[in-house]
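First chain A sits with chain B, and in the next complex the same chain sits with chain C.
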Partner chain A sequence: MSALLKLSPGLRAALITVLTGALCLALEPVAPWLVKWPADWTLPATEWVGAALEWLLGGIKPLARWFSGLLGYPMAWANAALTQTPWPLIIGITTAIGWYLGGLAMAALGFVGLSFVLTSGYWQESMNTLSLVAVSVPLALIIGGAIGILANEAPRIKPAVQGVLDVMQTVPTFAYLTPLLLLFGFGPVVGLIASAIYAAPPMARNVLLGLERVESEIKEAAVMSGGTRAQQLFLVEIPSASLQIMVGVNQCLMAALSMVIIAAVIGGNNDIGWEVLLQMRKANFGPALLAGLVIVVFAIVIDRMSGALATERKRYDPRVAYGILALAILAALLAARFLPGPPSWSLFDGAAQWVDDGLGAFNTEHGAKLTDFKNNTMFFAFLPLRIGLDDAVLPFTWGFQWTNAMSLWFFGVAGALAGVLWATGRPVAGLMLLIAAGVIETGVANLPWPFLFVALGALGWVSAGRNLAVMVVVLLSTILLSGLWEPAMLSLYLSGISVFACAIVGGLLGVLCAISPLAWRFIRPVCDMLQTIPLFVFLIPVLMFFQIGEFSAFLAICLYAIVPMIRYTRHGLANTPGDLVEAAVASGATPMQILRDVRAPYAAPTILLGLNQTILYAFAMLVIAALIGTTGLGQSVFLAIGQADVGLGISAGAAMAILALIADRLVQGLAEERRRALGL
Partner chain B sequence: MKLLNTVAALALMAGAAGAAEMGAVDEPIKLAINEWTGQHITTHVAGEMLKAAGYDVEYVTAGMMNQFQALADGEIAATLEIWSSNVSDEYAKQVAAGGVVELGDLGLAAREGIAYPAHVADLCPGLPAWEALKDCAQVFASAETIPMGRLVDYPADWGTPGADRMTGFALPFKAVPAGSEGALIAELRASTERKSPLLITFWQPHWAMSAYDVKFVELPVGNEECFTDPAWGPNPNAVNDCDFAPSRIFKGGWSGLEDKWPAAYEILSNYQLAVEDQQPMMGAIDVDGGTVEAVVGEWMAANEAKWKPVVDAATK
Partner chain C sequence: MSERPAIRVEGLWQVFGANATAALAAAKAQGGSRGDIAGRLLDQGLIPAVRDATFDVAPGELFVIMGLSGSGKSTLIRGISRLVEPTAGHVDIEGEDVLAASRKRMTELRRTRMGMVFQHFGLFPHMTVLDNVAFPLKVGGMGRKARHEKVMPIIEMVGLKGREAAFPRELSGGQRQRVGIARSLAGDCSVWFLDEPFSALDPLIRRQLQDEFLEIRQRLNTTIVFITHDITEALKLADRIAIMRDGVIVQIGTPTEIVLNPVDSYVREFSKDVAKGRHARVGSVMRSDAGDVGPDDPGLRSDMTLEAALASCMSLYEPVPVRDGDGKVVGMVHPGDLAKALQVEET
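And now, the complex of A and B:
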């Protein structure tokens, strides 16, 4: 034991993990409960949660109903304002605001964007969507702002607040849809509340960050002029933090827009998201894409305009804006005279049909190749990872049967390689190799739970000390005891494999974009679209190409989760301080050497943050992935809706949040440790 | 069916259900619009009937799984096409709590079964007889199910009738849950485009039945014993070795409906729609691109005999 204590923490952690793994492997035949947690040992936690919630919800229901009744008024007003205002006027106002904020380019963006919405034939639905966003965003801003200020005023509760924000962002809305409906009734107001819950955290985080970054001189000046705390806060600190707060407003808007589709699932508002759902249900890719693009257009217009509001101080001549408005009023009068109501043009139906036919033709043409590609990936990568080499290697997959002798050989080779690594002074790498070999042999879905407890706990210990290790183990045991271990492992496997692929492919794309601005010019708009279009749209082609199952789900998750990896990698590499690069150039380094030895180490923390976002996104997509038939926690959430089982829904949602939180905290811990090591 | 409708209408006029009070005519009756076209048709026909009776009707979009709380709260007055095969347990809960009442069968004769697009018969000769599947399983195998065949089953939250059949008939197939209706359709579409094998749990009336030329596998017609007694049927060791129990399609309403709009309650309770009427309208909308309003309007004008008596019985 004393010898063990002398080792470095990383080596000690790896050694304990390997020992636990070996022990589990040896005991597995006599103690099956190490792998499969017996159903008798689970606590009826989902029932308790259900009962507790029922009691709680019953108590606050009258209050909630009153609140949703109250929200119904602004919702109705916004809806009336947007649907009654003539469409030329709305286009004109947007164009005028665009001009005022960003000149000709922004005005053109507003005009072209809204004209697209008009000619797509979804004007009415779009205005219904906008009226929802128009109420949910102020609500989210108020809630988020209040949380941010509260956390700033009472630093002691800050960690708790951070936790609450994480939960608000990671527990999928579907998980608490049933209680939400019970509490707030039915209709657009529920969608509005769901979108406010999701959109408030970015606002809160940015308000808090902005207030913390206000320079102490400014704060002291406010104290010295004798202001009360409220005066200091509202007259001095908040205005000083306004730039950061505006970033929060922008992020809040984007988050609210991305929730449009969830509001449609509840219904009650004939909006653009509902249109996407109807088309998705018929597997009409073209029309679904068209409806989805309408949401993308709104997101881009709102993002660019609110972004300009947040970062640009320059404003353009308001007289031009008034001119545009006057023109719009004229157009509105003319339209009212000659055109009855908002036109139901659908200029793009032909294009949508063409896209749809193209998809069908491609599928017919290349079906066999796509299937081969999928089968090979499944047989040689996915299946071994999920159920392990011993179950995945069969005569009709690999052409032969995996035997115990092969297992021994496999471990023998891994052990020999590990020994070589240890002997050449890299003991941790050697042990990691052994762990990886064990995981591939057993399969992620079949990992014994004590092994996972020890491995993740040890990782927590190494990256951030005892507290994190304890947190990881406690959180994992709640999943184990509530009987959700099996679906949770399937979810872990699916998210894990997606994150792994995203990290490699996204990282490489990020490097490419950092080296070549041309590549970034092409990849950036794709990233924008992937982040704002309702991902339901892409489920259709993915499904048609690769059928129901985990491969399709994997692709769908990757489409969404790869974006932050690309963005952050590029950002970190491209923004290495100029003097560092110059020093390297002066000492005669080649561009490759600069990338490897200067830019990459400097960008490491940023890239790790990107990885962390990728992890959170991958877990967030699990629910969507369940729509294409994955088993796991996502499916549990939908089962809960079908069975009206509030407890199961909340527990499965919580398990997802727990896995995401653990992954997030571990990566953050490693990033922090790395930052310290580099002295940044 | 037409005859049946007429008989039903005559019976109504003659007897028990006489004319009722109109109730709160100045308030709109809200009908739920769910996610599929057949339901839109069912609901719009009912809505037009209520309008003919002198009511104001409003159509409200509502998620199929999430509508029952709204129904219990009276925020939606009725939802007219509930399938027993995939209804949320929330419905039974709300009925038990007294917020929701059943408004009787819709009369839409639904059929569920194990199905396949027509071209699959070439890949597995012997279909539609179910015995053919015993030897064809390998044809349907996929990476996820190998060495067994793959059956695309309903989304997990609708239940697992397909998987039950495979166990019941001891067929070497593994059921894969689809996750959503869109996923089922995408599978049908991809299989038709590629001429690839597909076995799927499906139902009619559905527009995809004709669009993708879907056929049902012939399974022995079952009775109660099939689901309780293993000895019954071709497989002596298992239950569920027979065709699907016919799924019931019915209407649900807010419990306050009868008091607030008595005549509307009567109309909705007696309202019937036959597959032969719904299916062509679905085709006119989903395949030929008509709007629900126009297609339903045309049908209403041409088929007054099918719905007018129900309205008249409640109002005159």
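And now, the complex of A and C:
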């Protein structure tokens, strides 16, 4: 024991983890509960949560229904306003706002974007979606702003508020829907409220951040000028924080739009998200893609225009904006006389049909190859990771049966390699290899629970000390006890391989972009685009080629989650302080040596933060991806919506949030540890 | 200083950390010097940023607080103006116990009696020069037209006429601080706090603003507390200087006293680079018994700088008489003493 204490913390943690794993495997025959938590040992937590919530929600249900009825009015007004306003006027107003905020380029973006929507034949559906956003965003802005200001004014509740905001960010979007369904019933109001709840935290966060960041001397100057607290806040601090608050408005808008579209799965509103879903279900990928593009256009227009609010750039001549408006009114009058209404326009149906046909032809021609590719990836990479080599290697897939002797050989080779690594002075690497071998042999879904407890707890201990280790173990045990362990492991496996793929591919792309500005010039707009698109739309192209299933879900998650990895890696590597690089050059280092020995270590904390974001993104997408067939917690959440099972919905959502939270804290702990080691 | 001081600070402590008030009271109850008390607080992980500061500022006096960064001078001025709540002690401003004032009264005091200038200007980025300067009047409830009329002469005085409509980001550093000065004067303050107002500026601009500041001071006759880390600035501006180290005021004195009679090596270290001849006066080294003077009278006066005095009696070896402004002999000085006083730092 005393010898164990002398080892470095990392080595000690790895050693304990390996021993736990080996012990669990060895004891499996006599104590199967060590590997698989017996079902009758779990608490019916899901039912408890369900019953408690139903009781609680039942109590406030009349109030909620009343509120929902109340919200029906502004919604109807917004809808009437948007659908009754002649389309030339809406396009004109958007173009005019675009001009005022960002000049010619932004005006053109607004004009072309909305013209595309008009001619795509989805005008009506789009306006239905927008009317939801138009009501939910002000709601979210007011709620979020109030929370932010309140937290700023009462420092005592600030940590609590920040904690809640953190958790809300990790709870998957769909999990909000089940309790809301119970409270408000099916219908568009649920989507509206869900989107307001989802969009309020970014606003609150940015308001709080902005107020905190106002220079202390500006605050003091307001005090010394003799302003009352209210005068200080509203005349000085909030205006000074306006740029950061506008960032909040931008994020709030994007979140609301994203959620409104996701909420379409509960139906009840003939909006654009529903259209995408409908077309996807009918396997009409051309129209689905077209409707998806409409969503993307909205996302981009809203994002760029509200983003312009958050920069200090000058505004453009409002007289031009008035001119555009006048033209729009004229066009509206003319249109009312001569042109048909928007719904009959569908210029791109031909293109959609062509995409559909082309896709059909492509899939008949190359479908076999795609399927082979998918199956091979599944059989040789995904399945072993999921259920382990001993279950995945079958004559049907690999051409032979995995035997116990092979397991012994496998462990023997891994052990020998680990021994070599240990002998050459890299004991931690050797133990990591052993752990990896164990995981591949057993499969993530079949990992013994004590092993996972110890491994993650030890990681927590190494990265941030005892408190984190305790938190990790406590949180994991709630999942174990509630009986959601199995779906949780499946989710862990799917997000795990996605994050792994993102880390490798995204990391390499990030390095490439750091080395070559040219590559960054091409990849950057793609990254911008991927970050603007509402999650839902990612499913369309993936489904087009790989049908429903885990592989498609994997691809959709990767598409979305890879962006932060690329961005942070590039940012970290490219922004090494100039004097460090100059010192390395002066010492005679080659560019590769600088990258490896100077830039990479310096960028490590930043890259870890990118990984952290990637993990959170992957979890966010996991639930959405459940729409196209994954197992695990995402599926549970989705099932719960269908059955209006609040207990399952909330518990599965919470389990997912717990996994995301653990991953988040572990990686942040590591990043913090690295930063401290670098003295940053 | 027979009249009532404009500012009286007594036993002021500023301790940062959890439950600072209770901890300070407990540490004080155990007795001992202020060093002992501070030591006990430090042991508990608290930070005593200002330790038992006591001083008076006379009406119309320009009182400079000088110290290195981290010496607690900025915290001290924030305690006096109550931007932070002092942990213990008394602050009287024009006879009023500031620390006992209610929030409402404090707001009123700030509108009518206090003005403050900040190191990094603290200008409101979303307001024009005019609106920045008029802000104290605005929060005081003065109408738009009236306040704009009232601040125009102030803007003119600080030399910003014609830039009223500019935003802070469009101004140079020196111009920004002029706005800060104008704003602090808008409320007709009688007590003026300046927290390192010129430290963020280029040396040339700094000197220019120092001169203008002295001019403004001549016109206004306010009581001034001025913070700086620059000994040259302190000696140039101050009527009296308080030198701070580790939260303690180690010496209070006129510029001459500080330069010629530093109480310890810390203060001496400050004045080392100062050309003493330019800041110390003959009065500080003369003997008041005008008995045994030599035959020569180079015409020394007690308010002459040492440098000038030495220059005029360079070739003399006998004591010479010193006269006051009216030409009356008030004492004598030996030329050797003049030379010696200039070389204090070498010892």
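Worth pointing out:
Everything that follows uses one rule, which is that the second predicted complex is superposed on the first by the 589 of 680 C-alpha atoms of A that agree within 3 Å, B and C clash if a C-alpha of one lies under 4 Å from a C-alpha of the other, contacts with A are read in each partner's own complex, and residues count from 1 in each chain.
Following the convention adopted for this analysis, a residue touches a chain if its C-beta (ideal position, glycine included) is under 8 Å from a C-beta of that chain, and two chains touch if they have at least 3 such contacts.
Just so you know, these numbers come straight off a predicted model, no measurement behind them.
Of the two partner chains, chain C is the only one that A:Glu217 touches; chain B does not reach it.
Measured by the number of chain A residues touched, the leading partner among chain B and chain C is B.
When the two structures are aligned on the shared chain, A:Ala256 is found in touch with neither chain B nor chain C.
Within the superposed three-chain model, A:Thr228 lies in touch with chain C and out of touch with chain B [touch as defined at top]. Of the two partner chains placed around the shared chain by superposition, chain B is the only one that A:Asn269 touches, whereas chain C remains out of contact. Residue contacts after overlaying the shared chain place A:Leu290 against neither chain B nor chain C. When the two complexes are overlaid on their common chain A, residue A:Leu53 makes contact with neither chain B nor chain C.
In the superposition on chain A, A:Ser240 contacts chain C only, with no contact to chain B. In the superposition on chain A, no chain A position is in contact with chain B in one complex as well as with chain C in the other.
Put simply, chain A touches chain B in their complex at residues 177-178, 181-182, 185-187, 264-270, 274, 277-278, 280-283, 360, 363-364, 367-368, 371, 374-375, 378-379, 383, 394, 396-397, 536, 539-540, 543-545, 547-551, 626-631, 635, 638-639, 641-645. Touching chain A in their complex are the following residues of chain B: 33, 35-36, 60-63, 65-67, 69-70, 73, 75-76, 86, 88-90, 93, 142-144, 146-147, 152, 155-158, 176-183, 185-190, 193-194, 196, 207, 286. Here chain A touches chain C in the complex through residues 215, 217-218, 220-228, 231, 235-236, 239-240, 242, going by the rule given at the top. By the touch criterion given at the top, residues 78, 81, 83, 107-112, 114-116, 118-126, 135-136, 138-140, 180, 183-184, 187, 193 of chain C touch chain A in their complex.
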